[in-house]
Each structure stands twice: as C-alpha cells, then as structure tokens.
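Below are structures written as structure tokens.
Heads up, the next two complexes both have subunit A, just with different partners, subunit B and then subunit C.
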Partner chain A sequence: MHIAATDRTPAIDLTLTPLKLVMAGESFPEDVSAFYGEVITSINQLVTNVQGKLEVEMAFVYINSSSIKAMYRIFEGIDAYRQAGNEVQVVWKAEEDDDIMQELGEDFKDRFQSLNFTVEQHG
Partner chain B sequence: MDLSQAILLRNSLRNNHVIMAYNGTVSDDLMVTLADLLKERLVANDDVKRSKLIFAVFMEGVQNLIWHGKEHEENMGMILITEHNKEITIMCGNRIEKDKTQGLKDRLAQIEGADKDTIRQMYRDGMSHASEHEGPGSGLGLLEIARRATQPISYTFVDVDEHSVDFIMAATI
Partner chain C sequence: MAEDVFDLYDREKLLLAEGQAILEKGNQEELQAFAERLFDRFSKLVRENEDLTRHSDRQEQRLVKLNRNLKNQTLELEQQRSRLEGLSQQLAKYLPPQIHEALFAGKYDTQITTQRKKLTVFFSDIKDFTRTAESLQPESLTEYLNDYFSEMTAIALSHGATIDKYIGDAVMLFFGDPDSKGIKEDARACVEMALEMQERMLVLQRRWREQGFDNPFVIRIGINTGYCNVGNFGSDQRLSYTIIGGEVNVAQRLEANCDPGGILISHETFSQVDDLVDVEERPSVSLKGIDRNIKTYAVKGRKTESEKPLRLSHPQGVHIDLSPLSLRPDDRQLIASQLKALAQRLEDQ
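Right, the complex of A and B next:
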C-alpha cells in the first residue's frame, strides 16, 4: 500500500517484505474515516495474512484531534498483531523542539504499554 | 451599514488588537485558507514552538465551529484573533441549540478546574474512547485547546431566545 502525502494528509507506506508501516507528514483530512478506512482495514488484515517482525515508523508534523481516533484504531490493529505472537517495534519520531508531537507520542505509548514503543526527537 | 459605522467597527477592531476577524459560514476550505494565512504570519513573527501551539488551537477551535455549526440551521460562526503584549488569543463562537448546552457546560467546567497534568490524563483517557465518539470529532478538541493554551480557557453562554444560545470560547497562547 502506498498513499502519497498531501498538504493535509500523511504519506503512508505498508510493505510486506520487509514488513513495515511508515506514516509521515500532516494529518487533518476533511473526512478522517474516508481517508483512514482502508489503512485500518489493511492493518487489521495483517494478523491473518502474515507473520514475523513488524516495524512501524511514524513521523508526523501535525495531527488534528479527529485523526486521533483513526490513529488509535491503527495502534489497536498493531497491538492485535503483537498479541498474535509477533514481534513489533514502533518508533515515533518528533521533530526537534516539537513538544506537541513528542507529547502525543508519549500519550500513545502510555495507551499501548505492551508495545515496544520508542519516542524520539530528530533534527 | 453606513460608512461612519464601518469606521467605528474598524476602530473597535484596532483598539482590541484584532489581527483576524471572520463572521459567517465556516467551511473546511475557509479553515485551511485562514490557517495558511495565520501560519505565514506566525512563521514571520514567532518561534516554531509557539507557532505550533497557536496553529493547533486555531485548528481545533475552527473544527468545533464546522461540526457543531452543522447542527444548527444558521451555520454561522465567528473567529476572532487578537495579538497584544506578545499574547495571541483565539476566540471562536457560534449559536447552538439550548438543549445541547448542558453537556458542553459540564465538559467545560471539568476542564476549567483542571491543572495541566489532569488535562493530559483526561486526554489520554479520551483517546481510548475516541473511536466510540459520534460524528467527525473525537471528543478531544476542547482538551486539545486547553492543553495547548498557556492560560486557562475562558468561555461564556448568552441566551438568544428560548431555543438558542450564543457560545464563545477563548484560548490564549
């Protein structure tokens, strides 16, 4: 799956070899459920279709509050994949000095405490 | 409106340090357009950290107007931004149905009395329930605004008639 970034939606790449989900950019789509619906479905299908280590990399610039509910469901899908016995590694990247994205990463980490979840800042 | 009244209005905007004022239909396109203008101004005048706080508060405030404006036949909202003594205040107001005010009042009262750590915990708890929230929002917008504002949020409700209430809230960064 490859979705190109726009001014208000992130780039999303989901590859099977290697098994990796990368999301990066802005997230304030006009219709959150329309934009994220397919992504949530794809993540939820991983558990029945593949096995092995899943790497997740997220590097957002801004996420509006209504995107949070889609992001939460994506993390639920990722966590379900872990619960099926697979290794999962999440790296949440915030830009240097971006306290908002740093804190949001910490908030998701707090909500999904069983996930191997790293929040880091980069320049 | 005659021209002398236009002058009075302009003086009032100037005396109140208004840098952006809008009254009318609030659409998604309008939000993006105003956000771009605001961003340009912020990047020129502010540090990046503060700009992000201001941008986040603006977006959440205006999204509230878009979603809750749709519930009312007059889909009208007001956006005012003032800048004074290096503080930016974002005010968003709309007319809402009277029977929908109590839930909002309860929520605001909860947020109003909470410190930053409590607001963050309320936000985290809200994240877990965001997907159950009806409509396009997540139930996190007010918490997001309160979290990013550097002072407690303020708000007021003014009765219009037996069915409607004017609601306005302000957040300062």
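Right, the complex of A and C next:
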C-alpha cells in the first residue's frame, strides 16, 4: 500500500517484503476515519495473512487529536500482530527541537509497553 | 455501501447498541459479561482521553508561545520600521529627492558610474554675503539664511530641479538628470524657476526689512546648458551624486558676472528660451578649458503673449519665425493673408 503525502496527510507505505510500515509527515485530514480506515484495516489483516518481523517507522511533524485516535487503532493492530507471536520493532522519530512529537511518542510507548518501542530524535 | 465506511468509534458504538438490547433483556449473566467488556473499553477510552487532552494542551501551549513570539516580533518590526522611517526622513534632507526616492524604492544603482548628458546648470549666491553676515547677530543670520534656503529649495523642487549642493551661501542645482523632460523643457523649467526665485526674493527682502534686516540678501543667478558628466563620483565608501565638467564652471562664472538681483544665461540656454523671456545681450566671457567665447544674456523678464514670436517649423522645408511686434501693421496684414491662402491650398491638395 502506498499513499502519497499531501499538505494535510502523511505519506504511508506498507510493504510485505520486507514487512514494513512507514508513516511520515503532517496529519490533519478532513475526514480521519476515511483517511485512516484503509490503513487500520490492512494492519488488522496482517495477523491472518503474514508472519515474521514487522518494522514500523513513524516520523510526524504535526498530528491533530483525531489522528491520535486513529494512531491508537494502528498501534492496537500492531500489538495484536505481536501477540500472535511475531517480532515487532517500532521507531518513533521526532525532530530535535520538537518536544510535542517527542512527548507524544513517549505517551504511545507508555501505553503499548509490550511493543519494542524506541523514540529517536533527528536533526 | 454505508456499512463499508470505516468508523473510528465503531467499537464504542457497537457496545452502546449491544448494551441497549442486553439491558432490555435483563439477563444477569449477559449483563455481567457485558459489564466486563464495557469496563475494558471504558478503561482504554479514559487512557486515550488522558493522552489526547495532554497532547491538546501541549499544542495549545505551543500556539500561545508562538502567538506571543509573533506579537513581540511584530512589535520589534514596527519599532524598526518606525526607526527606519525616521532615518529616511532625516536622510531625505541630505539627498536630492529624486535620488532619495529611487534609493528607498530599490531602483537606484550605487555603483561608481557616470554618464555624459546635456544638462541645464544653475548657480546662485548671495551678493556680499561675508560683509552682510558680519553685520548680523549669528542667531539672526541663521534665521534669515534658513528662511532664504527654505524658500529657494521649495521653489526649486516645485520646478523639478535636482539640488546638487549648498556651498556656503551658494546653491548649485541642475535639470536633466535623473529625470528629464528633454533638453529644451529642462532649460525652460530652470529659467522659469530662476525668475520665480528672483520674484520671491523681492517679497522676502520686504519682509526682512520689516523685521529689521536693513541690508537684506540679494542674489545673483547664472544658468548654462551644456554637456556634463553626471552620476556617482567618489569611492565605494563614500559617493556623491553630482555633476562635473567645463559647462558647470561656465554656469558658476555666469553667476559671478551677473547683476545683483539678476539672471545671466549663456547663449546655449538662451537658444532654448528665446521665446519665453526678454533678454539683453551682455559682454561675452571666456573661461580656461573652454575654447570659445561664451555669449551671455541678462534676463529682463517674461515675454508677454503678444511679444512671443510666432514659430512654425517642419522637416519638410517649413520654417517661420516672426516677431509680430517688430512688423509694420500693413506687413502683418499681408503676411496673414498670404499664410491663409497657403493654408487653403494645402487643404485643397
């Protein structure tokens, strides 16, 4: 799955070989359910369709509250994949001077403690 | 296909719908199981809500901070703009308005470049200034001088002159750069300006006398038209927008030879304004570096309408230059009827 970035929505790439989910950019879509629905459904289907290590990389510049609600659904889907016995590695990237994105990453890490979750800063 | 549309709150909505049915049924076991699922979902929702509220607060804080910074920056910019405006107004007094305007519009080139251009150059100074100055209290001298320069500057600017510089009691200005209306119009504007200056001087002299200045300033004016080098002279560190050349010196020499209260113009200037002013020919002057005698004319005043020559010229061989007042009445009549006949023939062709 590939969704190109717009000035309101992030770029999203979900590949099976290697098994990897990458999300990057800004997120304040007009209709959050419509935008994230397909992503959430695809992630929920991983558990029945594939096996093996899943790498997740997220690098948001801005994310609104409705998108955070969608991110919970995404992380729940990822956690379900882990619970099925698969290895999962999540890297949350925040820009060096962006405390808000960094703290949000820490919040997700705290809520999904079973995931192998790291928060990184980049310049 | 409304069923296919994804809803972020689908699980919560499903629970609510399910709960409604279970409550109506009132089965204890089902209620117990539902309460557990409800509790689990509610716990997650509370956690999500906590996170969302915290995130929302952080965003709000950032916005408040950004807004505060923006206000401070706006205030700082406003102060800077105000400082620059003040500075610009101060600078404007030291620069010719055309140059000042072009500089602040970003259209002025501050390279050391000059060009050769036909300009009309004006020089004026106050007769016996040193002696007059010595007879006045410094405060009075300053007051009268400021009065004099302010009035002359206003007249110069209203005619579109480029004020080059004030040299002690002298004024040097020119027409033809950076803006020009053409060589003829520039020369005419300069002579018109000089006439207005001398007329204004008469008013000022009366006023100064009433104020106790018994020997008020009288000025001499010299005007010449010719090719000069105009532009930025100096170095990269310090530039001066000015004019140089032999023709500039001619204007200065004319001023020195001028009658007090008068205007002395060169032949080159006279040829551009001969239909505009009455003149009296004066002795020619010679100048080092200028290999010709310069014919000079004292301006006596503006020509009246009836004194103005009748002129018509066209490259196809037409050249009429008549001074009606110098013609006898019967000659005037004869020429008029001949011209009418020619005009008629021309129309009938």
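Brief remarks follow.
Keep this in mind: the second predicted complex is superposed on the first by the 123 of 123 C-alpha atoms of A that agree within 3 Å, B and C clash if a C-alpha of one lies under 4 Å from a C-alpha of the other, contacts with A are read in each partner's own complex, and residues count from 1 in each chain.
Assume contacts are C-beta pairs under 8 Å (C-beta built on N, C-alpha and C of every residue); 3 or more make two chains touch, one makes a residue touch a chain.
If you're wondering where the values come from, they're calculated on a predicted model, not measured in any experiment.
Upon superposition of the two complexes on subunit A, a steric clash is found between subunit B and subunit C.
When the two structures are aligned on the shared chain, A:Gln83 is found in touch with neither subunit B nor subunit C. Applying the stated contact rule after C-alpha superposition, one finds that A:Thr15 touches neither subunit B nor subunit C.
Once the two complexes are laid over each other on the shared chain, residue contacts for A:Thr41 go to subunit C alone; subunit B is not touched.
By the touch criterion stated above, A:Gln51 is placed in contact with neither subunit B nor subunit C. In the superposition on chain A, contact is made by A:Phe28 with subunit B only, not with subunit C.
In the superposed model, A:Thr118 makes contact with neither subunit B nor subunit C.
Touch criterion not met for A:Thr6: it reaches neither subunit B nor subunit C.
Across the two superposed structures, the residue set of subunit A contacted by subunit B and also by subunit C is 32-33, 65-66, 68-70, 72-73, 99-100, 103, 107, 111.
On subunit A, the positions that touch subunit B within their shared complex are 7-8, 28, 30-33, 62, 64-66, 68-70, 72-73, 97-100, 103, 107-108, 110-111.
Residue ranges on subunit B touching subunit A, taken from their complex, read 28, 32, 48-49, 52-53, 55-56, 59-60, 63, 120, 123-124, 127-128, 130-131, 133, 136-138, 140-141, 143-144, 148. Subunit A meets subunit C in the complex at residues 32-34, 36-38, 40-41, 65-66, 68-70, 72-73, 99-100, 103-104, 107, 111.
Subunit C makes touch with subunit A in their complex at residues 5-8, 44, 47-48, 51-52, 54-56, 58-59, 62.
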